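Per-chain residue numbering starts at 1, and chain names A, B, C and D are given in the order in which the chains are listed.
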Amino acid sequence: MRLALIGAGRIGQVHAQAIDRHPGVTLAAVADYHAPSAEELAAQYGTKALSVDAIFKNGDIDAVLIASSTSTHADYLEQAAHTGKAILCEKPIALDLARTRDALQVLESHPVTCALGFNRRHDPQFAALKQAVASGRIGELETLTIISRDPAPPPAEYVGASGGLFRDMMIHDFDMARWLLDEPITHVQATGSCLIDQAIGKAGDVDTAMVILTTASGRLCHINNSRRACYGYDQRIEAFGSAGMLQAQNESETRLRFTGEPGQVEEKPLWFFLERYAEAYSREIGDFVDAWREKRAPLAGAEDGLEALRLAEAAEQSLKEGRRIALDSTH
Amino acid sequence: MRLALIGAGRIGQVHAQAIDRHPGVTLAAVADYHAPSAEELAAQYGTKALSVDAIFKNGDIDAVLIASSTSTHADYLEQAAHTGKAILCEKPIALDLARTRDALQVLESHPVTCALGFNRRHDPQFAALKQAVASGRIGELETLTIISRDPAPPPAEYVGASGGLFRDMMIHDFDMARWLLDEPITHVQATGSCLIDQAIGKAGDVDTAMVILTTASGRLCHINNSRRACYGYDQRIEAFGSAGMLQAQNESETRLRFTGEPGQVEEKPLWFFLERYAEAYSREIGDFVDAWREKRAPLAGAEDGLEALRLAEAAEQSLKEGRRIALDSTH
Amino acid sequence: MRLALIGAGRIGQVHAQAIDRHPGVTLAAVADYHAPSAEELAAQYGTKALSVDAIFKNGDIDAVLIASSTSTHADYLEQAAHTGKAILCEKPIALDLARTRDALQVLESHPVTCALGFNRRHDPQFAALKQAVASGRIGELETLTIISRDPAPPPAEYVGASGGLFRDMMIHDFDMARWLLDEPITHVQATGSCLIDQAIGKAGDVDTAMVILTTASGRLCHINNSRRACYGYDQRIEAFGSAGMLQAQNESETRLRFTGEPGQVEEKPLWFFLERYAEAYSREIGDFVDAWREKRAPLAGAEDGLEALRLAEAAEQSLKEGRRIALDSTH
Amino acid sequence: MRLALIGAGRIGQVHAQAIDRHPGVTLAAVADYHAPSAEELAAQYGTKALSVDAIFKNGDIDAVLIASSTSTHADYLEQAAHTGKAILCEKPIALDLARTRDALQVLESHPVTCALGFNRRHDPQFAALKQAVASGRIGELETLTIISRDPAPPPAEYVGASGGLFRDMMIHDFDMARWLLDEPITHVQATGSCLIDQAIGKAGDVDTAMVILTTASGRLCHINNSRRACYGYDQRIEAFGSAGMLQAQNESETRLRFTGEPGQVEEKPLWFFLERYAEAYSREIGDFVDAWREKRAPLAGAEDGLEALRLAEAAEQSLKEGRRIALDSTH
């Protein structure tokens, strides 16, 4: 696969490395609205910088990886669909449902392989948990608990443009919930507080939130978000069922243990999402290439982006209105 | 302290043993509506069986431990107050708020030492967690997660008379939440499902539930209940704050670890609440005796029973009405 | 059983408490060469102080617990045998083999129930490990690793009188090794250093030691001793076999875990042997009483004391001579 | 660096992948006594197959990685030194001391960068342990315990040619001991048994062994080897000192935990050394390239191979003679 990367920022650089290591993909070009960034990254991996237009016009390019700023995702996704290129798009497609639905319609009329960057589905530990649940290891799944805490809050100005905690941060957890619950989510209850940075509250957002989801058969799911965990990136999932419980635990750099004056001490969880999900980013590229070759759906697609966004909107509404929001199943 | 035990059933027997081991308490008498049970237990500990009336009339008895059936708690508590005896009463005082408030009024007009059997406050691990939070080890407390799962569901007929999951089971977690959050709880959101035993659902109750509590300053607390955990009694608490996290973990019989074909295996959590909270029951007696001697309030009192019940009622209402319930602070 | 306690020091006090809690034993008397200590302890448990002579002459006393200083053990043991009293004797019987063998001969000609205070055999976790090995959980046992480190070294003057590390400290590990290896030990190799306190070295002893034992069938056992572990009493055993491995881990006060700046921190191991082996001391009394009643051998007997001492002497010889010492099986 | 790989077998393939991923190294050629294997591996990484002779004559090749059969190591190492090529040589240089010393003399007279494949020094966890010890985290290092068990024994015929457990398997542990003890080892005591496969015993070797090393200052080190651990590759190190203890623990595929009927179950240790030390092999290449560029000594050099072999020989002698062997410091 000849793949062009749109976006040479931090997340684009992560993808560039994963592409470089994958034997089945060639990094065909890099684009960025800031041309020198594209050139630098292209040089680093021995490829060329192109404009976005040039990429879409280039018949030798099979696929694009959209890692530019959120506001451009839907447009680029539609252009890729129109030009018949496979798509790996960073989440979200857009911050509102209407724009997202438009993009999905374009994909429907111009079908191409389209993967969405819900990287956590590719994490080895979460994937093993998913597989164990699917294989019946815990019998009937009954409850799910997702704890997801960032090491440090973003600047308040970012928060304003991000769409808020539910759309920007918990969106990943909504996707994990949908993926693991494996049946329609019917109700959402949410609450939130601003406990970490008052500027976030002034920007109209919360920095600490709890949500409960209910599914069609009555499964319950709790999501627990905080914008700051002083000990690092806290990413855990607990699936409880009739025959047992599965717990995905935090990863640390090594398993070295010190015992001394302060007690029995193991390392802190990895601090940064790029380290924590390094393997996930690598597997995400692999799944995308395989899906494209095998003409099958990737592990996460555009529809999953729409559904996670609907949950985020319902959570926001629940927070505001103080009531359980029913999700229309005929959206 | 000369203490009479009212109720010679399972929980009464647990208390009898704890009393026997405490150097500062003498088991002065045992009563039970089923006289042979009282006689048997009394004989076992070298004391006598008496009727409840005889106990209340006996001027040599300093205190009563009320471990009879729930419907008798409030009456016995009031009789004890009227006769000037110190009280250790199993929770709940009553299944409804009105009866509980009446009992509290009697206590107000006839003040005696009155402890309520919220045994978990006396658990060494939870007590250590409470103390660590209080000492600022995790900075400002922000969120609390309480996971509480029974090993096996009660018979459906019991469920009917129990007042339901929120009053009967989650009541302990509401008390832990109040104790650890350490400020007024202002809002309750609840949801629940019947996933384990359909008979429980037919009896009008749920067997799986999730609740979110909010406090005056915006702290959030999640409570997660299930009536059945195939691996044993699952009792965990996670307190998260600005400077770290504290996790109370399950206890097992020994810490022996086996590594072999199935993996690295540690023992299951203790199965039964009597084993899990054996030390807590013992400390509960100790706290009661000390409170009585020192004329101070015990670790959990009658008011705590009322407050936990208010939360249970609010949770039930939230489950029914699908909305966040505000707790009146001027009850 | 009417049991008299000889020795009112630290270890005597531990036993007094365990006796007091056991429903089948009455503390009939306390003796100590320092009479006021005996009186104080006797008063604390509502019994009387007697001289050692008076105890041995008293026909109402069924048994003696010998917890006096080491140099008196063998004499009291023999007197008890001569007067037909059951014996629970703190280890060692004597510091040299000849005196120990004499005492065993008296026991042979005057058979009474005689238990030796190898308390670790009664530890719940080690007992569970023993049972799991016996039940074949790890298949054929092949190697054993015993790590045993004291929290702090004794004063150097104590070391001189103690018989040295192998006789005083590792004696417990030799007994665990014999108990778990469950077949004749044929060879001993030992080495040791003085790394912690130079005064110990000047007193002619080591404070850090490693030993390898070999059994008749070729099983290997490593024992690892240190007189000081700054983090507490380090007591671990690893049994490795054809079908897996069992690891007895350190115990801590609670299982509370803190995660924060320094990492993921669990509590230190318990510091003091009395806390670590509190339950073991209690079970030791129980086993002694049961053995006496059922006229069976207790879990550890006088012969076990002799055998452990032979290993200690062989280790000392190996350390001095720099060679593997073969144990004569026809001692 | 233009690097040629000599040896296209299993370990050669591991190195080929690590070379391929390192941005600073080009795999210039592959050689193997079985030419088709060299061609296949060369094709896989887009390079060419050459004879060993051609490699040594090729002036464009900077370095060789010797991963051919043990008996060829010393010859190739000498040829590389004579032709001025940097060397990364799989351990051991040779199975006997004399041949090893000859090779070292050639290196002395023809100095090139020469790294020896003691891969464990490059393992992130062991490296973190080494660094923590060096930084004084446990104060003065006093004892070291190295547990090293293979998942399954090699065929008995391999054992015969391998030089025996001490030279073939424990050699890695001797190197770790030297590296971590960080001072001259003065004495070796060893014992061993054949408990796993009688054919190994018939071939004159042991399959289970325990060793104790003593250093100049009195530090003690225990090494514990077994040729078979049914649960996987067991690789642990415990460093104990005056201020605490460090434990390197086994690694597993993920940290997913299941709790159910059998208990609380974590995954088995990784089964195979290639998985367990994948990162170590990668870092080993990195260190080699850096050492060559910076003209510094690599983390493990030829001298380390000689020293580990001396320990293996001493252990073998100790096993045979039943005594502690003093190591001549003026070898």
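The working rule: a residue touches a chain if its C-beta (ideal position, glycine included) is under 8 Å from a C-beta of that chain, and two chains touch if they have at least 3 such contacts.
Note that the structure is a prediction, hence the values are computed from the model and not measured.
Just to note, of B-D and A-D, the chains joined by more C-beta pairs in contact are A-D. With centres computed as the average of Cα coordinates, no chain lies farther from chain C than A. Here the CA centre of chain B is 58 Å from the CA centre of chain D.
Separating the CA-averaged centres of chain A and chain D is a span of 41 Å. Multi-chain contact residues, meaning those touching two or more other chains, occur in chain A at positions 230-231, 243-245, 258-261. Chain D meets chain A in the complex at residues 21, 124-125, 128-129, 132, 137-138, 243-251, 253-261. Here chain C touches chain A in the complex through residues 230-231, 252, 258-269, going by the rule given at the top.
Across the interface of their complex, chain B is touched by residues 139-140, 142-143, 145, 147, 149, 187, 189, 191-196, 208-210, 212, 214, 217-220, 222, 224, 226, 228-231, 234, 240, 242-245, 322-324 of chain A.
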